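Below are two complexes that have chain A in common, paired first with chain B and then with chain C.
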Partner chain A sequence: MDNTTTPHPALQFFRVVRRLLGVWYAFMLTYRFEIMLWMVATALPLIMMGVWIEAGASGLFPDITAVSVARYFLAVFVVRQVTVVWVIYEFEFQVNSGRLSSNLLTPIDPAWRYITMLLGEQGARLPFFVGVVALALLIYPAALRGEDGSGWWLPSLWQLGWFVVLTYAAFTVRFLIQYTVAMLAFWFERASGFDHLIFLVFLFCSGMLFPLEVLPDGMREVLMLTPFPYLLWFPATMLATGDVELMPGLAILAFWMVLLFVLNRMLWRRGLRHYSAMGA
Partner chain B sequence: MTRYARTLRLFWGASISAEMEYRANFVFAAVGSVLTLGGALATLAVLYQHGYEMGGWSWPEAMLVVALYTLLDGFQRAVLAPNRQAISEHVQQGTLDFVLIKPMDAQFWLSTRRLSIWGVPDVLLGLALIVYAGSKLDTPLGVGGYAAGLIPLLLGAATLYALGYALATLTIWVTKAGNITIAMQALLEAGRYPVPAYAPLFRVAFTFVLPVAFMTTVPAATMTGKTGLVWVIGSLGVAVGLLVACRWFWRFALRSYTSASS
Partner chain C sequence: MSASPADAAPTVIADGLTKHYQVADKKPGLAGTLRHFVKRQHRVIEAVKAVNFTVAPGEIVGFLGPNGAGKTTAIKMLTGLIAPTSGKAEVLGFTPFERKAALLRQLTLVMGNKQQLMWDLPALETFRVNAAIYGVPDDEADRRVKHFAGLLELDKELTQPVRKLSLGQRMKAELIAALLHHPKVLFLDEPTLGLDVNAQTAVRRFLKDYNAQHGASVLLTSHYMADVTALCERVIVIDKGTILYDGTLAGVVERFAPYRQVTLDLEREFTEDELITYGEIEELNGRTVRLLVQRDTLTTTVQRALSDLPVRDLTVSDPPIEEVIGKLFASGRDQQAEELPQEKPEKAAVSP
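Coming up: the complex of A and B.
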């Protein structure tokens, strides 16, 4: 047996990813102040919570109460914090400036660099948003205790487990959408403009502005076929009430993931052929 | 004064011709504005579907608030945001020195130098929706009704400007504070809904901590006659107070500005 052989490629890959994660986490920690500001900049679910607590308290909406929407929007806030994706700005910059070239030289697909970058940032963000949620529960304890006879907010282990899985599925889909649009940077200078338009549709269709239960049935059923509800509403509702249709949801999620992944790899290959910056 | 007016015309003329180089951006901006406004109105429709009236505000009244928000946001994106962004760039690159030695008030220069077409579609859509919402009220607005909103709206715009400029001034000390104004802009989105629509604690915060109320709620309430002169006077107090504070803060910041070369 020869001990000097390189480790199994899979093992090698995990080592590299783990190292990248550590590096990015340390990198992001130096931007704590900015990251806190970004958290404030993505606090729209908490603003909407203020509107919907009043609406829920009116009793005019059949499916929601003040307590249920407070829980829902807190969960949306958490999902949002763990699924913020800004890879397109980084990628667009790297393509336009030619810095992508040096990333192409490394023996690992650049996508892993971006994924670990985003996960590292989420790690640095964690203490801030946990603090905000704790503060919100302190200010509005009814969300935790329940005032409308719904009892304490105690998600089961089953709910918590699925919440984590679905939240990272949401992150994956959001990443795939944005990273696929980012491929347009090979052909257009401002690919982020396209993503911004998708983001505006996402705002309305994802459950960021209202819980999707309040929509008319037909409209909601159509929306559930798009990827958007799975980016916020689906995981958030899993945590808030657990009242979601899991199996159809997972099937649609899988469909979009595969579709986006295939599209992404296709555009990546064609884009690289088109890419001609800085000595490529 | 005429010199400042003439300079302003030159600034904005130059900005517009520079922006015209990127006409495709205008299409993006316009599509984005239509989507944003459509989303805001659809969200209102979701809220109003079961006869719920946010804080006792009728559908046209709530629409008026969305319209005023769109207008102010357009003003912010056309004039305020690009200039705020430039302040931190000047500090980072050391070019603030060149601005300070110009024979002109530096705050005026820094507040008006740039104009972006990104906000223009919002301004147009906002104005159109104000007229439409006003005509749908139970007692449709006459010319006087629209005019009544003008003063509180200008005061709201002044409040918005002063708040943003004061925060942008922080870049003198913390070079990377550009994100502060972006965070502020995000919180101001609360102005899409009348402040009485919020839960009690939010109402307090949006009136006394972050003066969202004075930007859209007070102008709308004045136009519809929901509130009297008291709130307009309050609005005046907030605007003047913040303008004075912002001016003082800017001068104070300049005193601790050690230029790029020293």
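Coming up: the complex of A and C.
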């Protein structure tokens, strides 16, 4: 290219990511009303909170109280807002319509477009979900004040720091799972069908419907070897109580990240050979 | 064109380039649907069959053929979007399918039926993303956008959402996005598709200007012959995956139209039966008749017409390129494919 300088690759990459984030944020803001609807669609943890506050107050489950489940599900709601991933639908559409072609012809991996798209969406969601959490605390102030004797809900800086790290680790794993399954769009017209199946497992094994403490110990230990508890339960529990086994959890997270990344790149390379750039 | 194509190493090489697709066939109706669900019937389509051609630096080549001829498939292989079944594609010394960043920074693909602009945002936002991706500094990108927009007569349209633009405005904005990084090789697939005459003219002028300024190689497909005649000195004609002709635009007429168009303005009206002996009647409109006359009999036919008919005016011209290409596709294509091995197009002889 003429009249252009070549900046340091890291600076160049940072500039691309910054620009993509800005554009996707602007893009998502054009869908303000839709974002509110999407928020409602992801409010399942708040519904479960209502159900489990009753269960916690009943004394049926010795390990949980109404306040502890309220805090847990509020934390789940926050984690869920950051880990909403729908790359499979976007990717499937792009493969089936041939729209992937224009992304393939630019000198950055298309994955960065999807990652920044999702991060941009998180930015657009932020004011809404902060409002929803504030409203939930207003409706059920016991979660904040700790009327069961547990005291005010004031997570330590250590907890908050790890909560942020684990939440974005959850986002990374969720993205890798869905983006890897999305690669099947190169072979199957509706790869999203596979994700529906995975979402069912996710619902039951991630802590979305119930805190994993209510499961028998043996079952929970097996579950902890899968990626699903790390998508919600692990970061949410870090914020709610801080009572998680951090190092083993990080090791398992790292294992799944590496495995999914390798699988993803393998399917990407093979899939491109199947890509027919339809309609293009 | 600014470069001297004949002397330079080619920027685009297709060497025995071949692509076979496997497609699933489904018969209509419930029975067909159930059969398709249980056991799919596949067949192989030979979209491109061992084609060979090169494009030199600075050259604009028209890539012509009817729908389904294999043009777009060949372009997809040359841009690296799909892998060839066999043969070699090479662009600027790179294998396109490897998608090396160094190559991607130097080529572009514009598809008239596809867009890269973000639909809900102003085109300027896409330009800014592209500037970052291609490492064009912001001030330089602004200068280029201003220059291109001036040539394409765009201004305020660039700050309104793309979805609000007309087709012509959108296509112009697509061109700016595609050329912002000053690519050396342009693949243009129907860039004027659906545009009105003014927009088509503006796009052609813009492409010609870009080619002259940057010495870029261009491979252009278009169903509008005006695009081809305005931009291309050389054309490659492809049909059913096989190249029928590769040479100058003027050569298409020489090779595939061994006849001249004779237009007679007569003093009175004649019937078709009275005029048929002079040549193939293309058009008879009152006292004006347009005839196709074989080149080897042109002189005697004109002499005969002047002596036998009350001629007020007589014009001899080449037939329009659109008609020649149209006839080429419509008549005896299978025969041509057999008779015209692409390596030796000069030996071809085809009746219109």
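Keep this in mind: the second predicted complex is superposed on the first by the 272 of 280 C-alpha atoms of A that agree within 3 Å, B and C clash if a C-alpha of one lies under 4 Å from a C-alpha of the other, contacts with A are read in each partner's own complex, and residues count from 1 in each chain.
Keep this in mind: contacts are C-beta pairs under 8 Å (C-beta built on N, C-alpha and C of every residue); 3 or more make two chains touch, one makes a residue touch a chain.
Here the structure is a predicted model, which is why all the values come from computation and not from measurement.
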- Message: Contacts for A:V23 in the overlay, against chain B (first) and chain C (second): which applies, first, second, both or neither?
- Response: second
- Query: Touching A:G98 in the superposition: chain B (first), chain C (second), both, neither?
  - Reply: second
- Message: On the A-aligned overlay, A:R269 touches which partner chain: chain B = first, chain C = second, or both, or neither?
- Response: neither
- Query: Counting only touches as set out at the top, which of chain B and chain C does A:R145 meet: first, second, both, neither?
  - Reply: neither
- Across the two complexes, find the residues of chain A that touch chain B and also touch chain C. none
- Note on the structure: The answer for chain A against chain C in the complex is residues 1-7, 12, 15-16, 18-20, 23, 26-27, 30-31, 98-99, 101-102, 104-108, 272-273, 275-277, 279-280
- Contacts from chain A onto chain B in the complex sit at residues 33-34, 37-38, 40-44, 47, 49-51, 53-55, 58, 60-62, 66, 139-140, 190, 193, 196-197, 200-201, 203-204, 209-210, 214-215
- Hey, which residues of chain C end up touching chain A in the complex? 21, 72, 76, 79-83, 97, 99, 101, 104-109, 111, 113-116, 118, 120-121, 125-126, 128-137, 140, 161, 181-182, 214
- Query: So in the complex, which bits of chain B are touching chain A?
  - Reply: 25, 28, 31-32, 35-36, 38-39, 42-43, 46-47, 49-52, 54-55, 174, 176, 179-180, 182-183, 185-187, 189-190, 193, 197-199, 201-202
